[in-house]
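Below you'll find a set of structures to go through.
The same chain A turns up in both complexes below, where it pairs with chain B and then with chain C.
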Partner chain A sequence: MELEHTIRQTLDQVAIIANCQLIDNINDDTVLLQSGLDSLGFAMLVAQLEEDLGIDPFSQMQIAVYPRTFAEFVGVYRQTLANGN
Partner chain B sequence: MNLLQRLQQANYNSTAISAGADISYPQLVAQAVQLRQQYPALQHHAIALSYTDLSTFTCDLLAFDGWCRALYLLPDNNLELPEQVIRWPENTSTAPITATATATPIAETTLWYLATSGTTGTPKWIAHSFTSLSRAAKASVQSAALHWALCYQPSRFAGLQVLLQSLLSGAVITDCNSGDAQQRFNLMQQYSVNAVSATPSLWRQLLMTAQINALPLQQITLGGEITDQPLLDTLAALFPTARLLHIYASTEAGVGFAVADKRAGFPASWLNQCHSNLLLKIDAKQHLWLKPPQLPDTRLASAVDSDGYLDSGDLVTIVQDRVVFLGRASGVINVGGNKVHPEQVEQVLLQYPAVRQAKVYAKTSSVIGQLVIADIVVDTGTDSKTLQAQLVQHCQQQLERYQLPARFNIVSSLATNATGKLSRKADVKEPHE
Partner chain C sequence: MSKLVIVTGASRGLGLAICRQLLQAGYSVLGLARTPSDELTQLQQQGLLFRAADLSKLDNIPALCSELTKQYGRPYALINNAAVGYDGVLATMHNSEINSLLNLNIQAPILLSKYLLRPMLLNQSGRIVNISSIIARTGFNGLSVYAASKAALEGFSKSLAREVGKAGITVNCVAPGYMQTEMTHSLQGDKLESIKRRSPLGRLATPDDTAGAVVYLLSEQAAAITGTTITVDAGSTA
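The block that comes next holds the complex of A and B.
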């Protein structure tokens, strides 16, 4: 839950910096592309999380499945942290 | 041969543009011929086209290439036009156009003017010929079966390349250059697109739809930004049978080349031989130089060295057997295909009273290529949290969204070089191979 909390906090900060209007009540099933965060906002989110968490799962990502929902996005970070990258 | 003559000779019978209503090649040709007959006075004049929809734009190109003296393709931002250029279609009804009286129409070699962002940040017009613009377009049975998604502005070099490739090969094209990635994907699916040319940033977004594998892609093209290996690997795994190309193009030199081996960068062996009609070399400062068969614009002559090479302004390095791209030597930041000039953002930051010094540079982004980062020196006693919030607001009022810094680092001092200027050494990561 702590990881999800960090990601949510960063998401809110980034939305302000990137000038994105997030939708209300982002939950596990929220589709990232429909969250109000556009590609620029998403890029800023990943960059800020790299600062906060020390990892960027997307930098060397060679997986065929990109995260589609908020839960999948959190999952990618959880998995990368668990793998000790 | 001009564009209209090329299509008349090819005599394609299929659909050219698929939109709400499809338009076939014979229809396009007929409409273009009609347009010339309707506006004979436009012959030998210079006209500027702005983009409304793909069918109109294409028809205008067909009608006016080989008919007008010059074609200026207006980008979405306003760029000043030279005098005597007629804005089509809005000015043609009001401005008096003097017909250059010729009993028999004389074929005109039209100069196509495309806007570049320029090395100084001031956009400028660069002249091209139809011959040079269409050099890369290849026609074959396979390419005629393609249905292209246009994901760039067709008035820019990259978009025009896609449009010309589609037209000259007898393929179909649909404008998918609006909306977010999901909306673009929906259009691609609706029109059964099987060929997509887009920036690496847009490809990553399309992958995030998690539906992209539903497209029967036969042709995948990446361009406009540096293409990285993980993205190539992901696309190659998803579409093992598709032709996967990444393009390097220089709008200024009016040339480019495609890399088809699914590896980032290009083979170092190309440096020693002519490839795609181009000669390539790297100088001591790691700049890539290009020698096109002919210079598109004579005004570039002063930028050419004694051997006829033009500095691309792109920084490269050799890693094993590959030449890989590092970024722009000028420090210009590429945010998802949009060019950001650090100096412009710095000027905006320096307008803010508490900011004493500012240095803007790129940070590599795994999502959108590069992001803008600002290091700032501020007055002592400034509350950093309040300042950050106010700076964000200040920047949002003055800058385009893609120019916005992703982060403000408050630093105690900024390094300057021997001449007292900000040290602007490119902040680029060594690429992973």
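The block that comes next holds the complex of A and C.
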């Protein structure tokens, strides 16, 4: 839950910087592309999480992965942390 | 605190001239090269930061960028200058040379841009300058693969400029003409004289002429310039 909290906080933070209006009540099933954050905003989210968590799961994975929902996005980070980066 | 600029291929020629002028302009400059030259070591005494890096090892680039940002902070600008220019007709150029040229001249700057762009996005400000060449748009016998790499870099820059403009980041190219550097040392005699003769200014552009354009693109005065190429060739392509 702590990881999800961090990601939610970061999401709010980058949405402000990226001048994006997030939808209310983002939940596990929220489709990322419908969350209100644009593609550049997601790049900023990944960048900020890399600074805060020290990992970039999308670069560390051997194959390209594009999470569709918020739960899948959190899952990618959880799995990378569980694998010890 | 002065703005951090990362310059690749910093040990010689144009890269060295860029580092020197950026230091004079008050930037904090981090030079990357496989090994430091004597000239680069002298610049270190004037405050140049140096990091040994072999950019042809593409798999190491993400970790390198992450380490640089952690150690030196978020960069203001990236100057993709490192490149190789093998001279030879395509029909006999070894495939390994084609591969290594494309890796260093195209893939490395794309990956460096990808990873160093991220901290710029968070800052909502930044500059990327890719060093192209007039060969991207004019032909030259024996430089077809090099030309392909530089044309690719210009195409990359235009689209990336559109992608990141909203975040206050500019992406441009500087395209020098022939300069007398170690990279072009094979260009001598009649060929060199012919290039000089055809130039409206009757001379070649120097690394310092080209470095001046890079420093300009990093300035506040160039904040509205993005997605373009500044040619510095003493008029050779006019």
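Keep this in mind: the second predicted complex is superposed on the first by the 80 of 85 C-alpha atoms of A that agree within 3 Å, B and C clash if a C-alpha of one lies under 4 Å from a C-alpha of the other, contacts with A are read in each partner's own complex, and residues count from 1 in each chain.
In the analysis below, a residue touches a chain if its C-beta (ideal position, glycine included) is under 8 Å from a C-beta of that chain, and two chains touch if they have at least 3 such contacts.
Since this is a predicted model, take the numbers as computed values, not measurements.
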item	value
First, second, both or neither for A:8, with chain B first and chain C second	neither
Chain touching more of chain A, residue-wise (chain B, chain C)	B
First (chain B), second (chain C), both or neither touched by A:42	first
Which superposed partner A:67 touches (first chain B, second chain C, both, neither)	first
First (chain B), second (chain C), both or neither touched by A:34	first
First (chain B), second (chain C), both or neither touched by A:51	both
Those residues of chain A which chain B touches in one complex and chain C touches in the other	17-18, 40, 43-44, 46-48, 51, 56, 59
Complex contacts: residues of chain B adjacent to chain A	180-182, 201-202, 204-205, 207-210, 230, 233-234, 237-238, 335-336, 363, 365-368, 371, 389, 392, 396, 401-402, 404-407, 432
Touching residues (chain side chain A, partner chain C) in the complex	14, 17-18, 40, 43-44, 46-48, 50-51, 56, 59
Contact set on chain C toward chain A in their complex	62, 66, 69, 115, 117-119, 121-122, 124, 163-164, 166-167
Touching residues (chain side chain A, partner chain B) in the complex	16-19, 31-34, 38-40, 42-44, 46-48, 51, 56, 58-68
